[in-house]
Amino acid sequence: MMSGFNLYKYSSPATFYALAGRLIPWFYGAAALLGAAGLYVSFFLAPTDFQQSEAYRIIFIHVPAAWMSMFIYIVMAGWAALGLAFNTRLSFMMASALAPTGAMLTFVSLWTGALWGKPTWGAWWVWDARLTSELILFFLYLGFMALQAAIDDPRRADRAGALIALVGVVNVPIIYFSVKWWNTLHQGASVSLTKAPSMAAVMLAGMLVMALAVWMYAIAAALSRVRCIILERERNSQWVAQMLEAEE
Amino acid sequence: MNAISALLRRELTLAMRRRGDVLTVLFFFVIVASLFPLGVGPEPKLLRLMGGGVVWVAALLAAMLSLGRLFAADYADGTLEQLILTPTPPVAWITGKILAHWLVSGVPLILMAPVLGIQFGLSGAELAVLMSSLLLGTPVLSLIGAIGAALTLGLRGGGVLVSLLVLPLYIPVLIFGAGAVDGAISGLGSEAHLSLLGGILILAFMLTPWAVAAALRISIE
Amino acid sequence: MNAISALLRRELTLAMRRRGDVLTVLFFFVIVASLFPLGVGPEPKLLRLMGGGVVWVAALLAAMLSLGRLFAADYADGTLEQLILTPTPPVAWITGKILAHWLVSGVPLILMAPVLGIQFGLSGAELAVLMSSLLLGTPVLSLIGAIGAALTLGLRGGGVLVSLLVLPLYIPVLIFGAGAVDGAISGLGSEAHLSLLGGILILAFMLTPWAVAAALRISIE
Amino acid sequence: MLEGKDLTCVRGERTLFSHLDFVLREGELLLVQGANGSGKTSLLRMACGLLAPEFGEISWRGEKIGAARETYHAEMIYFGHAPAVKEDLSAFENLDLACRLAGAPAGRDDVKGALGHLGLGHCLDLPAKSLSQGQRRRVALARLLLTRARLWILDEPLTALDQAALQLVQSLLGEHLSKGGMVMLTTHQPVAIPGVEPKTVQLC
Amino acid sequence: MLEGKDLTCVRGERTLFSHLDFVLREGELLLVQGANGSGKTSLLRMACGLLAPEFGEISWRGEKIGAARETYHAEMIYFGHAPAVKEDLSAFENLDLACRLAGAPAGRDDVKGALGHLGLGHCLDLPAKSLSQGQRRRVALARLLLTRARLWILDEPLTALDQAALQLVQSLLGEHLSKGGMVMLTTHQPVAIPGVEPKTVQLC
Amino acid sequence: MNWQTWSEFIHMGGYALYVWGSFGVTALLIAGEIVLLGAHRRKALTLARRTVQYGKAERL
């Protein structure tokens, strides 16, 4: 009676739930190891910068967070597009699961940037193009989450969220270039980090390791969250009942 | 007294259950304040001069948009009639509701204001003045706004209409609030402005609940 | 084609019957723009520098508030379902509705803008640039806003929510619009900004009706 | 005793009724009847004091209800078209708060008992938005079990209720009347309360 | 021919029905029955294409309704819970515009005739907001007199109507069916159309 | 090795507030998110358990 495709569609969150459960510890583990390595590089291998002294060490959390905040938005929009195209519930759930982590990392990059700006530029905040677009990215995340929170019907919440994520991703380049242009027309504060050539390699390595750690963490967090969402959505289904009974 | 504290608890519980609505107003405040530098340009000196005014205008607009929550839900589901029919004097529970509204939509603005102030390059002392002016001013916004909210209950186009009724009444608060911050920036001092704001607050606190009670009676007929 | 022109006529007739709503948005625009001189102080040089930005921010906020009218009434009384069930392709009538919305809520802003510009001390040529930037920019506000309006149909707290969704997307329009005016004031020229605005308009005109159609389908389920 | 004298009601531009009199004494049931739009709800809201009559006056124990507001409201309970149930609060919280706000807080067990009596025992803690229309009205009706008000003004309390709940409400009414309470009621459904002959007001 | 196969409907987190099949052929009346909240409206909206089924598909003359959107909508008329009557337009303007938007403009006299037929002849030019609930629904129903659609999907068209209007609608339905039209209908009231044996779909 | 003593490490060349403010808040946020995820999971599980029990009760 049920076609193979339907069966696949129904069972997919169930299998994914179990799969995610098995993967999560590994990603957390990888995040912890990479994080430890990254912190070691940041604080012990990377030498002191002769201009900024120790303040520049913020780069090791700031840049990875900034990279990941943008990357996660793109991944989120990708899942949203998949969901809209193929009507797979799991894709929508992945998109919703990524948003809070992405917003958190955006906030981290704003926060660390501000803390870096005070000693280097003498101001917590300037209306520089890059800063402004990161701020707008934060608003885009918040809009996505607020819209989903306001809709009670999960099906509508999924689709509406997916659409706004896609609209946002089309707009992000436009926003980025407009902000850039806006800023360079006036004289803005110029960000330039002076670094000795020998330092560059260590710094790059540190940032890359930290970025990988953040990446692993983001995957782990998103998978944990998607498991919660699956459980909430599928709580009426057979497999959840069976799973809960098996646990007892 | 018991009824009022029950009402306050209820309002705060409801706000917690609907956290999204509260946060949305807060972020509206942040976004509107951030629009200005984008419109006006990133010049730090110019922005510093505008800072107080912009944060205040954003607070005005956010307060105005949050008025929709004050009575509309209670009106729609019949709770408002029930409140009117309690033995508690209307002025008492109306004050309670306005207080709850301020706690939920005014206080977060005050707490968020320094962040915005920093974006405009305000210094520590100026931020303190900004926060005190908001502390004295936002309750007035809730009080005056309640009159508009009560009068437009159930009317179509309520959102825009309420802004038309309420914004002109907000202007004194804006002038003294932003004036306090300007005074701090220019070194002229801000006590005068702040004490005027305090005066308006006391006046509004004593008068508006009566006006709101009258407005609610009219709207509920 | 016939259906679209009937729709346009209907929208304009309705707007005429509900003149109050149209005027309210216009007054909101005027009030918000006038709040700034009050908040920031009367310094003419400062005001002139801010002028373009402030008028544009006020236009953004007014456009945002007027979005409530775009689909909400049709959704509530069932007309929206009937429109979706007509043989006319959705993109066609959606474009028609957005056009009507712009005529009713964007064009009055453009016509009112010079009055506000004068308040900020803008000169004749600068006013012309302000108006052209609004002419190119306000349709984009209606187009992008329609997506937000369609997505938030029937949601509680819709008004504030739509602002959170839509304001960040409005930022490029704000930047180029206000940039054009600034360019005129500073003598750097405003052609580049205006042509970028034109580009955004074309892009938005081609893409957003599809997104709105998708959003309406989602919301109407 | 609730008494209305020479009442006229104008809504919009239409006069719904004029020169209407009624008296409601202890132990009596007053049934307000009429077609849709004839002004039943308007009359009940007048009796509550929510709507001012165009002419005429309403008095409670001989005092005008506008003047005796506090005592009147303490002795009266109104049940309108809207159930006054908050979607975000649970059934328990809704009822508990309604009692507190009315100035007559009830104990936890009483509240639970009232809800259980109305068949809501198993969904005390669900937010009301996941209750069906009928269940929400039951939450509102549970107030009648806890109130000590003498005068009940009920606007179509029977809509959206199934047979069992209907019986329950009727027996509640009977009990209240037999204890000397007063009830003013509108409904489009037939009501039969043993041993009570309702007075009627006919609007048209 | 309208055909639904293996339909499943999920609203919120509840599955309202699953594996539902129906076929509606020329000259047939399909009555969708069930209690409040059982999913009748949802099924009708699926049949219109307003709501996508969770599984299963609906086809019109053998083509999926999603693919054949334009031809399907040109041959179908839907009448939902909301009457789609604009309060600020007059009865005449409302009906006239509804026809134009549906791509089948009707002459002035036809529109007036239809409204007159439904007993609205004397209030053609009043704005709809001053019409009563029942009169508004009549304005909406007048579309059935002017449409050339083969398939009528009607969601509780009989509510708020008085006896005369009820007869009129039933005779309209009979006429449409006898000309080979198709009708999909929900109602809580009894319908009797002479010479027509309705098929039923029972939801629960 | 950049640091001779712990206090030097903590002091961060005078930028302790900024550096530890960055790393510390980030750590707090991550820890907070993990705690919230745990709470979310517990909530989802109790919800699911309750739903399953309801379902059983209804079937009986």
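For clarity, chains are labelled A, B, C, D, E and F in written order, and residue numbers in each chain start from 1.
To be clear about the criterion, a residue touches a chain if its C-beta (ideal position, glycine included) is under 8 Å from a C-beta of that chain, and two chains touch if they have at least 3 such contacts.
Because the structure is predicted, anything quoted here is derived from the model rather than measured.
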Min route length, chain touch network, chain C to chain F, equals 2
Max Cα-centre separation from chain C goes to chain D
Of all chains, the one whose CA centroid lies most distant from that of chain A is D
Per contact tally, chains sharing the most pairs are B-C
Averaging C-alpha coordinates per chain, one finds the centres of chain E and chain F separated by a number of Å equal to 54
For the pair chain B and chain E, the C-alpha centroid-to-centroid distance in angstrom is 48
Distance between the CA centroids of chain A and chain B (whole Å) is 34
Dist(centroid_CA(chain A), centroid_CA(chain F)) in Å evaluates to 16
For chain D, residue numbers touching 2 or more other chains are none
Listed in rising order, chain C residues that touch 2 or more other chains are 18, 73, 156-157, 161, 164, 167-168, 171, 175, 182, 221
Chain A touches at least 2 other chains through residues 139, 142, 146, 150, 152-153, 155, 179, 182, 235-236
Listed in rising order, the residues of chain B that touch chain C in the complex are 18, 20-21, 24-25, 27-28, 31-32, 35-36, 38-41, 46, 49-50, 52-54, 56-57, 60-61, 65-66, 68-69, 73, 156-157, 159-161, 163-164, 167-168, 171, 174-175, 178, 182
Residue positions on chain C within touch of chain A in the complex are 147, 151-152, 155-158, 161, 164-165, 167-169, 171-172, 175-176, 179, 182-183, 188, 196, 200, 203, 207, 211, 214-215, 218-219, 221
Touching chain E in the complex, chain C uses residues 2-3, 6-7, 10, 13-14, 17-18, 73, 76-79, 81-89, 93, 220-221
Chain F contacts chain A in the complex at 1-3, 9, 12-15, 17-19, 21-23, 25-26, 29-30, 33-34, 37, 40-41, 43-45, 47-49, 51-52, 55
Note: in the complex, chain A contacts chain F through residues 43-44, 46-48, 53-55, 57-58, 61-62, 65, 100-101, 104, 107-108, 111-112, 115-116, 118-119, 217, 221, 224-225, 227-229, 231-232, 235-236, 240-241, 244-245
